[in-house]
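Think of it as A, B, C, D and E in the order they're written, each chain with its own count starting at 1.
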Amino acid sequence: MASTLMYYKENKELVKEMTNEEMKNIIKSGEGVLWLDLLKPEKSEMDILENIFELHPLTLEDCINTITRPKIEQFDNYMFIVIHAASTTPRSQRVRTIELNVCLGKNFIITIHQEPIKGVGTAVERTQKNHQIMSKGPDSLLHLVIDSLVDNYIPVLDVMDYKISNIETQVLANPTQKTLNDIFAAKKDILYLRRFIGPQRDTINFLSKENFQFIHNKRKVYFRDVYDNMIFINDTIDNYRDVINGAFDAYLSKVSDRTNEIMKMLTIIATIMMPLTLITGVYGMNFSHMPLLKWHGGFYIVFVVMLFIGIGMLVYFKRKEWI
Amino acid sequence: MASTLMYYKENKELVKEMTNEEMKNIIKSGEGVLWLDLLKPEKSEMDILENIFELHPLTLEDCINTITRPKIEQFDNYMFIVIHAASTTPRSQRVRTIELNVCLGKNFIITIHQEPIKGVGTAVERTQKNHQIMSKGPDSLLHLVIDSLVDNYIPVLDVMDYKISNIETQVLANPTQKTLNDIFAAKKDILYLRRFIGPQRDTINFLSKENFQFIHNKRKVYFRDVYDNMIFINDTIDNYRDVINGAFDAYLSKVSDRTNEIMKMLTIIATIMMPLTLITGVYGMNFSHMPLLKWHGGFYIVFVVMLFIGIGMLVYFKRKEWI
Amino acid sequence: MASTLMYYKENKELVKEMTNEEMKNIIKSGEGVLWLDLLKPEKSEMDILENIFELHPLTLEDCINTITRPKIEQFDNYMFIVIHAASTTPRSQRVRTIELNVCLGKNFIITIHQEPIKGVGTAVERTQKNHQIMSKGPDSLLHLVIDSLVDNYIPVLDVMDYKISNIETQVLANPTQKTLNDIFAAKKDILYLRRFIGPQRDTINFLSKENFQFIHNKRKVYFRDVYDNMIFINDTIDNYRDVINGAFDAYLSKVSDRTNEIMKMLTIIATIMMPLTLITGVYGMNFSHMPLLKWHGGFYIVFVVMLFIGIGMLVYFKRKEWI
Amino acid sequence: MASTLMYYKENKELVKEMTNEEMKNIIKSGEGVLWLDLLKPEKSEMDILENIFELHPLTLEDCINTITRPKIEQFDNYMFIVIHAASTTPRSQRVRTIELNVCLGKNFIITIHQEPIKGVGTAVERTQKNHQIMSKGPDSLLHLVIDSLVDNYIPVLDVMDYKISNIETQVLANPTQKTLNDIFAAKKDILYLRRFIGPQRDTINFLSKENFQFIHNKRKVYFRDVYDNMIFINDTIDNYRDVINGAFDAYLSKVSDRTNEIMKMLTIIATIMMPLTLITGVYGMNFSHMPLLKWHGGFYIVFVVMLFIGIGMLVYFKRKEWI
Amino acid sequence: MASTLMYYKENKELVKEMTNEEMKNIIKSGEGVLWLDLLKPEKSEMDILENIFELHPLTLEDCINTITRPKIEQFDNYMFIVIHAASTTPRSQRVRTIELNVCLGKNFIITIHQEPIKGVGTAVERTQKNHQIMSKGPDSLLHLVIDSLVDNYIPVLDVMDYKISNIETQVLANPTQKTLNDIFAAKKDILYLRRFIGPQRDTINFLSKENFQFIHNKRKVYFRDVYDNMIFINDTIDNYRDVINGAFDAYLSKVSDRTNEIMKMLTIIATIMMPLTLITGVYGMNFSHMPLLKWHGGFYIVFVVMLFIGIGMLVYFKRKEWI
């Protein structure tokens, strides 16, 4: 649908368009640095990948397929890297990921994605403005793309952070059914993030440790730096998980405590009222001969007794620290 | 019970029947590609496996036995692979598995199963229609069989997916005893799937990494592709497990909250009614001398007092956000 | 207490008795195959082990001691294997284990146990009936003994299976205190089985993988077969554990639900009865001047009002789906 | 504070006292076997360790410090082993540990501890009675000390075993608040034991597997034997943990069941009494015109109706299996 | 903001100030030992790091950035170590960490931090007082800094210890909502400590095991000693986690038990009062013809019956051990 092409050769202008024939010659010559960024590649563009860059059929399949896991695969003429970008959905702010496929060859790098990716866009712009960046070789461009892609994980974490602090405040103050639903939504997002970050981290670690034909050894320390960022992100998410689990435990304890409070209130009211009601019941019986009934002060004596019982109960509950 | 035989030799017609003698010669010669698919093999067919293909007694035993775990075993003249297909039972849609035994030799592949397997059927048909597939050698047929077998895991996952979404909706809306039973059934299915997928994944990973006598090195990248599918399936199931566990936690919290609601209602009604009943009890006592009783406005005063108490209680509960 | 001796030499009769002197010569010569099965060995038999077979003091100690863990130890003149048989206690059907000590030398195998073991008995009988089995060497006898010992784990699993299905049925239908006790008993048994199976599996895996002086390499594939059985048994027990944990969760949820049901009933009855009782209380007060009291239709009006309130409450609970 | 010295040389008397000069010569010569057991070593004794045995400053620090973890450290002229003994406190029978520091050189062994250790005491006595033990070298003494130290773990386990059986009986019969406190105390002890046994086991495993300058290879099988004991002890403690967790789960379930029972009782009594009380309330109203009131048989009819309602409720609860 | 410089050369005075030129020469010569401690380094100081010490751009970035994870990175001319100090916030005593960046070269060590660190301060002072310490080389200074930094973890643990003992006492005596909040705060602190200690431990372990260009092999045993301290600290924190989890379980059980107690009380009062109230209700009915009503002893008989019922109920609950 939309593609960007950049070709840099020492001491020359940045080339932004070329014929397939020219491209073929460049690939063959192995000179200069070519960056091809493809957004929703069309049939004709896929043909270029197949015929000019000579990508393996399995690679082409993975480029179209959008549920490939992060991975690194090495072929004779290029290496293939799948990595994912993260963003949040517009309104509900749920986490989502976009797949980025990268082919890195001797003098070219191809980035293929089915949706616009912020990190890739930034990298393309930066390179267009300052094409001297390309002089360091395609592996340096790979670092640039992955680095700005990983930098774009941070806003996603910030959204998560805000949600979790919000939940914690709710739980400590006055948790409701909504709090519970928020907890479960956050839990799901964190699960998703953890499953998503893990393989990215492994892939980048792999880039920083193994020897690859098309990555210069001195570039590794830069990937190591990106890897350190990934570790930090991973730690943060682990922290989120622990905090949200703690919040869930707190929620359950609070509900438990609240049931306790309600039970206490019910028991206090019943324990005070029932004996008093019994006494009124006794003096409400229609026996013709009952003590006190006919006497003037009878009612007042019974009333005082009831008062004493009521107050006694209250004192008892006070002592038990129920009220 | 039912067997399919296909023999392909370059530039020749596909042979679909042959005598045991011919088969023996083909195995000896090591030329062409022979595929023997056995469904519920009879005694005579087992004899062919034993005498013509010279399978090890332990292999023959495993072919009859239907509770073998996925594995790869290497013998001098062939390698033996056990792998499982997945399907669902007709009505209750519970997950079940069918065992597939494969023997891969220099120029032959044997597939043995006790029940029809959809993935194998598809592969056989595809080969019969286009027997050029066989020209790539028996290891390519192995990939074909395993690939279409793994593809048939997806519908099973879809059934699972539907069940779990259903449970989640129920839990968030109005969970009942049936929801609980559904959760436990789903949990059991997921446990079963996890235990079933794990060894398949390891077996296929093994195929994509190790060197085997009868598998060409360039075939490995294809098994690696199947392995990536298995990883994706595995991740999906892990996700199901986490979601169902979350649903169970949500169910328990909902029940807990509901008990709380019921307790609140009981406490509210008791706390309002009991004091009022006590007052009626007091004025129901048969003392001959009681204040207000004889007075015209007595009843109305008491009634107003009761009204105030009742309303006061309601206001109190409103303030506590119970109602 | 009871010992069985079998000595096989090619083309000769099976020898079932011999003097210590003869035994010593056989061990020295390294010819033929000798099997000595000792049940509760006496002092004189332990002396034979020490002096004729020249077992290490630590081995002799382990043979008497009945709480040795499964293990394999190699000495110069023999290897020492400890493995456990499983059975169930007669009435309560709880799982128990019996220790079997095996010494495997160049031309002898010694099996020592303090109680009769079904698997060993079967193996001895089979060998006595068909002593050609012995011609394959002592390592083949080791496989025979371990294989029939592992086969005897299956009935123990069947008992477990029956118990667990029984618990599941109870939990889904109408769980009682007895169900809870059954769950905890089953949990303990499964814990015991898991702790018991683990080391057996490792020991057998070791036999199938490592190189041992007295085990022929071509025998390994047979031990691998026994190992596959152990894996299957292990998986089954893991499954039992998951199922019983699920059953426990279900039990707790059911109790929770039931408390809920009871609370609902109490709340319904209290919520209907209390307001009605309050009304009767009001008209039971002894005020001399109260509306309706003296009027003929008064009672009926109040009665109808009470009826409406009662029915209204029922409708309300029906709407809330409580009844 | 108290030190024991033993020096053994072939065909000579056991020397129990010597000057620092003599000691220095013995260490230099590398002949015979010297055992120095130091309880709360004084400054002068520490000086001997520093100057005569030439221990590393870090070793000397660890010997005074009592919170060192079990470990093995190798120096040029000796190896340093830290291991812990277990015992129980006199009254409350809580688990505690005592640190033992051992230095093993070519012809000497030094055991240093800040409190008397039963296992070490036994080993010293045994050696004094039969000093031929020392002829096997200092590594044999190391085994002797560690073996008798590990043997002294068993009484600690027995105390634990008694406590846990006691808890289990309580939980199954009639759990109280005390049971709960016992469970938490036992849990803490088991946590402590697990953390304490783990590193000991690793240390002894290390002794039985690695090659050390001052430990003869044929001694390893003995350390392996001690290691097997440690594994057994470890398994036992794991078992305790599982049992106590099971007991805690059982406790919670019992409390849950009990709440259920209490709720049932309350609901039964309220459900029977409330409607009957309502009826009495109705006939207690002071309407001048009410049916049945004036009639002779009125009371009996109402009474019979109440009886029917009461019995009917009981039958209903019987059917629901509540009583 | 504030920097300390120390330069030691054998048999010379400690140099505390020098020009950039002198510094450059010292670095080049590789002679003597230079320690540069930078607190909130200014631009000019960062320039020295970049130009004179020739630090890698990534190192410079990490020195300014305060969220770097503990790590060791090796460059040609120096190694870079990030490690964290621990302290507690003034009032609420929550745990916090401060990052320390260390660059260790052939004859220099640079310590960079954005806030004052107690451990570093102590080390600087000790060195200023006795500059002979510097004669052992920069790796010895590294040990000095890390050792005193790790020593400063202990007061943080003490604060934690006090908090947890406090919680345990509360839970066993009379847990309140505040206890719950304290438990969750402590849990969060422990989570934080665990996440913080883990990487420090790994980093120090790395220092004690691997070979580094600028760390002398004989220094490793000292780092091993620091590592042992870290293990001890780690064990202590694991212990805290287990204790706080136990306290949380205890809290929940206590709340559960308390609900039980409340329910019991409610049930006892209702079970005694309701039947008695029913009896008074019966004799409060206005039937003109009822037994006992007109008889003198009627009331007393009914009263005695009620007394019997009440006492009978109490005896019943006594037997059930409810009171």
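In the analysis below, contacts are C-beta pairs under 8 Å (C-beta built on N, C-alpha and C of every residue); 3 or more make two chains touch, one makes a residue touch a chain.
Note that this is a predicted model, so its numbers are computed, not measured.
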Same or different residue numbers at the chain C/chain D copy interface, by half rule: different
Cα-centroid distance, chain B relative to chain C, in whole angstrom: 26
Chain B and chain E, separation of their C-alpha mean positions in angstrom: 42
Where chain E touches two or more other chains at once, by residue number: 256, 259, 263, 266, 270, 274, 277, 281, 284-286, 290
Successive chains along the ring, chain D then chain E then the rest: D, E, A, B, C
Of chain C, residues touching chain D in the complex: 56, 58, 67-69, 71, 73, 174, 177, 180-181, 184, 187-188, 191, 195, 248, 251-252, 255-256, 258-259, 262-263, 265-266, 269-270, 273-274, 276-277, 280-281, 283-286, 290, 292-299, 302-303, 306
Sites on chain E touched by chain D in the complex: 172, 221-222, 224-225, 228, 231-232, 235, 238-239, 242-243, 246, 249-250, 253-254, 256-257, 259-260, 263-264, 266-267, 270-271, 274-275, 277-278, 281-282, 284-291, 321
